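Note that the chains are named A, B and C in the order they appear, and that numbering of residues resets to 1 at the start of each chain.
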């Protein structure tokens, strides 16, 4: 469609769109409408670029761009391949939707420091795209750190005691993991392999033969736990702490940018640094599968005990993220597909759930599930969307999550891991157990007695918030009905 | 024993410098009065100056200005003269030392004005308050 | 003219210092202009000299008064000293621009004399870097030291006592160095670095005890000067009591130049082979360096005074530098030299920021950081850049120096040093995020209960913007850009400058 040089430029433009938006947003703080225009302009540019790249990549091309050569043998460079594109598509589409919702939420609650908020939001998305398109470990690390820092003001947004401790935990885990584990692992890898470039396919990896087994194992676990954004227990503790942030941030953190970047980095390293063959040979895939299985079950159990809706969703995120890693760790083709497609499915479902939680808060000022009795009858749209997204989380057809579960189960059987099959089934039941009561209570429960009459005054949240959450819920369903739209990219990842 | 004695005697200039050096260092570190510290510093510096001067010495040599023999020929044997370079260097070092001393004395004067004392423990006690 | 560049680098600030002492009656503006003009000219000459070095990729030798080396003093500008000269002249120029307001605030009278000392200090630093003669180096060392005593004593409050301590320690360091030079002179009969290197490489001198003592004394003196743990106690006190401009000038440069001298002595006068195979202190020094990195950062974490905190951070950074130099790997050496440049820039950046905050708020504790984003947005951004670099976050230059240092340590198998680097990075992160928290949240006992309700906004009402004056902002922003630029052009810096100075024998 376009010349080849256009596609060389496209990832850079996609990346720079949000980076360029940051100063523009910061400078137009006095004029909110102009400021919001910059956000949308950047988001639109970015999405169009990613879409254009999607077509090009589908045709079997891979784009490689070297930005700056940082060290001899090491550069800041971008590569657009199907794997990264899946994530980039999700992130850039959700930015548009989340930005719409954010504006509604921030203006609805008349929040302070909106300019800072929007600027950091744009920066976070830029970093997320950077991670998706990075061609080597160093580039990925650079954007990973950028994201940690850009989201700090978002997590600390309320500037009160609770958000301070949340933000502290957030940084302690993320920086602790990245500086304490990933950085040394990366440097050791560079010293041993002489390069940090990701491999071209998922089977061979980039680790040269002849490196001692113990070293490989240590490196692997340093990466697995170092990318603390992936929420593997025990590195998950920051996630519930960070949910005190305003809802759009939680949505961003939990669905799009932060945790997905963590998982993306983990899977990228597993597949393109270590490679399926090596992981299989050293049994590392299986060990990882069991580690994340534990996380899946434990996080679901904890989620059951939480009454605060956002806390329950946060633990659900911890559990669902591990599905993605589980899929990749099983190393069988079906399981890898299931894991990767879950990046998409979970993003849309989870962002819907958080949008709903925010809409409930804006409309009814309620945070706890126990207070939500009967709310579904006055906010039917919100809770219908919530129900649809819950179905996706549970993995029921015809919503996107079903596809994930199907492939994961298939993959577990393929890998002959019956224990994992049991884990998947058990976690499905647990998902039902913690989502069903919310929906049931909202539609069929009684309003809390002492708060009599509250239900009368409550109406749906404003349209600017309602539309995004309906859109994401619909996309979730569409992903279930037309899985091939995204699956074609995921299939290209496999050799 | 004899050997050690020999080393001490043969290099007595080094040993003398070393003894002075440590006296100076002791004064700088251990003395409580800032003035005494300065005196220690001067001894310390002087020890090094003496060390340098003494290494230019040669037995039976004269000042490094070209001498003429009886038949008015210039005497060009290096062994006949003391090595001038250490002395030249030390002239510079003396200047540096004097400058340091001057600055140190000026600072002590300021300390005396601000703190009312030049005893280290008293100054520290005052600063802690 | 271009042939004279090496000497002009040093002569211009020296003449400026003399002129400044004579021209007090012309007023402060004149003194400010003269200083900036002189330093800009000096920077230009440094760049010209560096360009000449790059032109032929070999060292430029300049003979003072055209006396050949054993008799006369020689200036040697090679890749290493060329870059360090540019760093010194550049940092000094930025500080000079920065000094317009704070220097006249700190020195209400006789500003011209303050500037004269300023120029003299820069002369000394530049001279030490450019000279190829070990005794000349001593003299210039003392010139810079003496002028720094004068500058530090112009600080506020109990600066005199801190300066006195610094004077005593500095003199001990310089005298050790001088004594070491004496030993080398006895053994070799020369003071020229290149000739020393040649003579010292003879087998009989490699075994000599006197040479060993000379080396030990020189290194010990340099370590005192560069505040390597455990010889560091004088530094934080002296720097934290100094005036704003003085701290900005001395803190980034003095210790870095001392590290440069250490590198020169280790690898130019002596050789990598002698240092690592005959002296063989590597293990000990790496332990010292690791302790310095961790203890320095820990102590910094315990400080309330911002500049004292930065002082201890410098102690930690010196640990990185010493460790990198003694790792005996190419990556370690590259890391040390690169970090020399990086650390100069990032400490300058942070000292300037803290100076600006002190200038505006009058506070020196962490509480001065409150509402910094609202009050001084540009300063706050510069602070973020500097802090990110100290922590070692990409793409600031601090990341790449850590990258090289860790790589070198991994190659050398010095796992203690790897651990120390990582721990101190994390501690640095703690230090700066604590400050960031103060900036974001203020102090809780006041702000927490104040704002109940929907948003839960801890911040009080809008805070008036009170940004630092442009003469402080401009150099700050330039330094921040340099910190980022050095990071982004790491490859160029390493290939064009540092790689050439990697000593043989790794």
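Just so it is clear, contacts are C-beta pairs under 8 Å (C-beta built on N, C-alpha and C of every residue); 3 or more make two chains touch, one makes a residue touch a chain.
If you're wondering where the values come from, they're calculated on a predicted model, not measured in any experiment.
Visitor: Starting at chain A, find the fewest moves between touching chains needed to arrive at chain C.
Guide: The least step count works out to 1.
Visitor: Quick check on this structure: which chain has its C-alpha centroid closest to the centroid of all protein C-alpha atoms?
Guide: Central chain is C.
Visitor: Which chain's C-alpha centroid is most distant from that of chain A?
Guide: Of all the other chains, the one whose centre lies farthest from chain A is B.
Visitor: Hey, how far is the Cα centre of chain A from the one of chain C, in Å?
Guide: Chain A and chain C have C-alpha centres separated by 43 Å.
Visitor: Taking each chain's centre as the mean of its CA atoms, how far is chain B from chain C in angstrom?
Guide: Roughly 30 Å separates the two chain centres.
Visitor: Can you work out the whole-Å distance between the CA centroids of chain A and chain B?
Guide: The separation of the two C-alpha centroids amounts to 71 Å.
Visitor: Can you name the residues of chain A that touch chain C in the complex?
Guide: Interface residues on the chain A side: 68-72, 75-76, 109-113, 116, 138, 141-142, 145-146, 149, 152-153, 156, 158-161, 164, 167-168, 171, 175-176, 179-180, 183-184, 187-188, 190-191, 365.
Visitor: Report the residues of chain C in contact with chain A in the complex, numbered from low to high.
Guide: 373, 388, 391-395, 400, 402-404, 406-407, 410-411, 418, 422, 425-426, 429, 433, 436-437, 440-442, 444, 447-448, 451, 454-459, 487-491, 494-495
Visitor: State the interface residues of chain C toward chain B in the complex, per the touch definition above.
Guide: Its residues touching chain B are 135, 138-139, 142, 145-146, 149-150, 153, 158, 160-161, 163-164, 167-168, 171-172, 175, 178-179, 182, 185-186, 191.
Visitor: Sort out for me which residues of chain B touch chain C in the complex.
Guide: 21, 25, 28, 34, 37, 41, 44-45, 48, 51-52, 55, 85-86, 89, 92-93, 96, 99-100, 103-104, 106-108, 110-111, 114-115, 123, 127
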